[in-house]
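In the two assemblies presented below, chain A is common to both, partnered first by chain B and then by chain C.
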Partner chain A sequence: MRKLNIDVFRYNPLDPESKPHMQTFVLDETPSMTLFIALTQIRETIDPTLMFDFCCRAGICGSCGMVINGRPGLACSTQTKDLPDHIVLQPLPFFKLLGDLSVDTGTWFRQAWERIESWIHTDKTFDPNEEEERMDNELANEIFELDRCIECGCCVAACGTALMRKDFLGATSINRLARFYIDPRDHRTEEDFYEIIGDDNGVFGCMGLLACEDVCPKKIPLQDQLGIMRRMTALQSVRGIVPKFLLDRLSPRRCGCSCSEQHND
Partner chain B sequence: MTSPSIRKHTDNAPVVVPSRLDIIQAITGVLLILFLWAHVFLVSSVIISPALMNGIADFFERTYMAQIGGPLVLLLIVYHFLIAARKMPFRASEFMTFWRNARSLRHKDTWLWVVQVVTAIVILVMASIHIYVVLSTLPITAEQSASRVQGGWLPFFLILLPMAELHLGIGFYRLGVKYGYITRASRHVWQRNEYVLTGIFILIGLLTLVRFMLLTN
Partner chain C sequence: MQIFQSDLLCIGAGLAGERVAVAAAEAGFSTICLTLVPPRRSHSSAAQGGMQAALGNSIMGEGDCPDIHFTDTVKGSDWGCDQEVARLFAENAPIAMREMAFYGCPWSRVVPGEHTYYKGGKPFKAVEKEENWGLIHSRAFGGTAKWRTCYTADGTGHAVLFTLDNRLVQLGVDMHDRVQAEALIHDGDRCMGCIARDLRTGELRAYFARATLIATGGYGRIYKATTNAIICDGGGQICALETGMVPLGNMEAIQFHPTGTVPTDILVTEGCRGDGGTLLDVNLYRFMPDYEPEKAELASRDVVSRRMTEHMRKGLGVKSPYGDHLWLDIRHLGEKHITTNLREVYDICNNFLGVNPIHQLIPVRPTQHYSMGGVRTNKDGAAYGLKGLYAAGEAACWDMHGFNRLGGNSLAETVVAGRIVGAKVVEYLQGDDNTVFSTAAMRDAAARVQERIDILVSGRNGRENCYAVRDAMQEVMMEHVGIFRNGKDLQAGVDKLQALLERSQHIGLQGRNMGFSPELSMALRVPGMIKLALCSAYGALMRTESRGAHAREDYPERNDRDWLNRTLATWSEGATLPTLSYEDASPYFELPPGDRGYGGGKIIPGDIPADKIRPFGKAEQQEAK
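Now for the complex of A and B:
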């Protein structure tokens, strides 16, 4: 069994004595050890003051995002056997630091969801006695594919644009809006979507670095959604200038997926 | 249940400027790519024969395409740069943030963007000088180009050539990504295509320079 040297970022913003520093913990690796298990062991056997977030420990809740050897990822889904014996853990940048490895992603996601108005916009009146509306299974799957985001924040923390420009909405928000874009129950028009993401804090801020795509632990099709939303939004701004047949040819179809093979997750 | 939109509180038409700038950046980028491809083939015609290059140059001068097109290309470069510069990390804090992120992530596409920013600045300066020199010493002839390359301009081109081709290759790839033409499924194929294309153009450029070095009047 290997001995693991785990360097952990330590800082408690509420403690005036506390200074940001790295602290090394040495652990014996155990079979199928995840970083969740390792950190819990540190907290239980070495230092009970260590702060980090976990809830589901199965890659579902999105609370354990952290920077693992330089890259954002989920600690609960990362096995130590896939890492070298020297492991460096840091809190996600971009988000507010609560202490050590714990950051507040919730506040950011809440304001982002409010900015993109992350809910179905409809004028239909809800009748609780009516039978539920049916949806085509394929479409439901396409929407679900985009809905799988667990709001871990890894994509935002890896995005050079977001780190430089704090108001940038990030790939997760664009993907979130793409989900409403393909949802027929949402009555927002392309013009409405343009108004939300048609600027440099939205889809035009993205520089196509694809760090989001490459770190997303849920493999959400961020690259494809960013492309679809950018093209749709850009075309929206030249409606009336560019001939209609050309617009129609260039338009991405109003459907979340650009490639049907990707629905096997 | 109606959900009133908290955004729609004015009746102003949405602002189209950021979006149109993005489109212009893409179009000027594509135009410059096309120009540079054409340019490589015109200049490299010297490999086949200096007379061919002279003939082509003569055609472009007689039709005034060089005299008018040249400054237009320069304008296009400056315009493309200005629009693209909106995204450049000019503030020290921005640059430091980006640099730290790129180093920490060890992520290729993030690094490629750094390459694109650096090459953009180099090209802006060097291409301006180059266009000025070429257009102020018309006519373009293989003999004159050769004496220029032999007379000390070789290092200049050895820098400008890879810079221009790298910028072009990365820009082409990223444009495809940004506008959703290069998808998750096709990304790897395109990345490879891009390497090959960039390599071929650098090779042709180097051969051209070798030809100029060996050309004697």
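Now for the complex of A and C:
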């Protein structure tokens, strides 16, 4: 088994004495070792002050996004055997640094969901005695496919626009909105969606570098969703100029309730 | 010290905590949620299977109804549950599922026509009905008469949690993430909130609230091998226990799953064995048929877990740097089957173990999975002992699971109980206009927490390493309070845990951080975790019968004559053991104790008084007539 040299970014913003630096820890590699196991070992046997975030340690909760040898990814599902014996770990950029490898994703995501109003918009009220609204299973699967985002923040950390434009919503938010766009339970119109993401902090800020999709640990088709939402908002931006029937024909929105009608009017 | 005030304080923001928060916020009450991690990272998100509710839309669930769901739940609990609560749960589950659909959950839906399903490893065909197109579908889970488990592909917990959290954002519920509750504020009569630690800055804060909910999930981390997330350390139960007056129920009732993977303890599904996977020992010998000639690997979860442990105790486990394990072999199922029907298993093995299950063996061992016990509440979710304190979800002992919970019932419980308890919390808040909070009680609680922190930081009482003490506790729990239990081992376990509790008084920090210290979080938790461990171990020692997941080798019978009851554990200040008392398992019986129909085992029958027997089916309505 190899000896691993793990270089970890260290900085405690609450400590006036602390200066950002790299610290090297040496560990014996064990079978099936992941970065979760390695970092936990470092904290519990070498340096108890080391800050990092893990929760489910199973690639489900999105807590442990960090930059691993230069690339954002989930530490819990990264095995040391897939890395060279020199490993460099840094916190995700873009998010507020809390200390060492720990960043504040919670605050950022909450404000993003408030900005894009990440919920079903409807005038209906829930009736406990009524049968559920029916839905085609294929559509349910398509919605879930986009809902699989675990909000690890890797896509935003890898995003060129986000690094330059601090209010950029990022691929995760555009994907989240795309999820509501195809959900017939959400009664927002294309105009509503345009108001939310039809600017430089939304779909038009994207430079098309597409690192977001490259680093997404859940392999969500972020590129497609950006394309769909950009096309929809671009069409909205010329409403009043291009005739409505033409806009409707070009609109990418799909109706999920098998009624063969457009849903956005 | 910063002081926050709200009508409702939810400690924990997984599914149960969020569902109660939604109820309060909808009724116009100010609500603050405290959570160790951003809410969508809660352990609820890890539940893949689904939620049981008797909707009966799928062809294999046809004819299902709350009566059948109730019956399955009571049998599953080995008659340890509160039948009034199990009935409430079964009746309300379908409504809660539809409500989640209304809020946007992408439930998998019925697709009419012929489909291939798997049962016992064999494919069969079934035809879904045309008229049920697009309704919520359901899949099969163990211990149920019908296919009843609503699901969203392979990510039910994730999908429902995100749906619910969206609703919280919409309602503007205050979310304080990275905050750890350390002690409840109370005056011996009423709970008024909690003292918490800000995990960004390390500072203490006070939260005053008219009603406080504990919804912090399970306490699996008292075991070394657990499928639970690392945050499932029993923080909420510890806060309740430390009051000295709020009892925890059935802490000895702990469920194990046979196939947790080694080293990270991530679960691989029962479907592996269902589809024909086998268990092998260090000599690559298939041992299960020797113990269970008929069912072999397909015996119930508890039985398989027990046999695996028995076999490893004979020295036939595989040694590894992470402890002994056995092998799960699915190679013979072939590449096509593994990459389609068992895709999730294939991914887990590749991503977390570096094992390709098409060609390699999967390292597995029985792993702690679920805590049936928790903060004892009445059917409204109100904790015993303190007014204004509530609990819901895995953190609570509400108690619909008794001594064994069925797959799919725990995830359903979060939103069903959340809905019911949420309505009761709202009633309480509407009927209680007491907004006077005791600053003396707050200062007292804060001073105690601060004193503990000062001791840990200064090393005044010693420099024991908190991780070493925790590891020792986890080892004791695996060794002595595991799947097989007996008086001798349990007594030895209790003794060791008592010694560890003493040792934990001498913990001191090894490192020093300005602001937030991760080591301090653990150091503050360890003594409480050992107390929870003692509640489990001592409760298990005193319960001289076998019921559900509690299996005593020296008392193999389920004893309805003496033990048809629930253990209640409280902790007096300065004590080294919990004080145990007992209450009836159920206020009445719609379903009198009987044979579960699986698992075997002998029963010592009890005498149920005639006035405790109710006619079966909607007992409450009949009572109203």
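Assume the second predicted complex is superposed on the first by the 243 of 265 C-alpha atoms of A that agree within 3 Å, B and C clash if a C-alpha of one lies under 4 Å from a C-alpha of the other, contacts with A are read in each partner's own complex, and residues count from 1 in each chain.
To be clear about the criterion, a residue touches a chain if its C-beta (ideal position, glycine included) is under 8 Å from a C-beta of that chain, and two chains touch if they have at least 3 such contacts.
Quantities reported herein were computed from a predicted structural model and do not represent experimental measurements.
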{"item": "Chain C versus chain B on the shared chain A, clash or fit after superposition", "value": "fit"}
{"item": "Which superposed partner A:V238 touches (first chain B, second chain C, both, neither)", "value": "first"}
{"item": "Partner chain in contact with A:E114 - chain B first, chain C second, else both or neither", "value": "both"}
{"item": "Chain B versus chain C as contact partner of A:F126, first or second or both or neither", "value": "both"}
{"item": "Partner chain(s) touched by A:P91 [first = chain B, second = chain C, both, neither]", "value": "neither"}
{"item": "From chain A, separation angle of chain B and chain C (C-alpha centres, steps of 10 degrees)", "value": "170"}
{"item": "Comparison of chain B and chain C by chain A residues contacted", "value": "C"}
{"item": "Partner chain(s) touched by A:G65 [first = chain B, second = chain C, both, neither]", "value": "neither"}
{"item": "Touched partner set for A:P48, first chain B, second chain C, both or neither", "value": "second"}
{"item": "Partner chain in contact with A:E213 - chain B first, chain C second, else both or neither", "value": "first"}
{"item": "Partner chain in contact with A:S77 - chain B first, chain C second, else both or neither", "value": "second"}
{"item": "Closest Cα approach, chain C to chain B, once both complexes are overlaid on chain A (Å)", "value": "7"}
{"item": "Contacts on chain A seen with chain B and repeated with chain C across the two complexes", "value": "114, 117, 119-120, 126, 258"}
{"item": "Residue ranges of chain A in contact with chain B within the complex", "value": "67, 70-71, 93, 114, 117, 119-123, 125-126, 158, 160-161, 163-164, 191-192, 194-196, 198-200, 204-211, 213-215, 221, 223-224, 226-228, 230-231, 233-234, 236-238, 252, 258-259, 261-262"}
{"item": "Footprint of chain C on chain A - complex, ascending", "value": "12-18, 30-34, 36-37, 43-45, 47-51, 53-63, 76-77, 79, 81-82, 98-99, 104-107, 109-110, 113-114, 117-120, 124, 126, 128, 130-137, 140-141, 143-144, 147-148, 150-151, 180, 183, 185-186, 258"}
{"item": "Of all residues in chain B, those that touch chain A in their complex", "value": "1-3, 5-8, 14-16, 18-23, 86-87, 89, 94, 97-98, 101-107, 109-110, 112-113, 174-175, 177-185, 187"}
{"item": "Complex contact set, residues of chain C against chain A", "value": "37-43, 45-46, 95, 97-99, 101-104, 106-111, 133-137, 152-153, 155, 158-159, 162, 166-167, 169-170, 175, 177-178, 200-202, 229-231, 262-264, 266, 320-322, 348, 351-355, 363, 467, 509-519"}
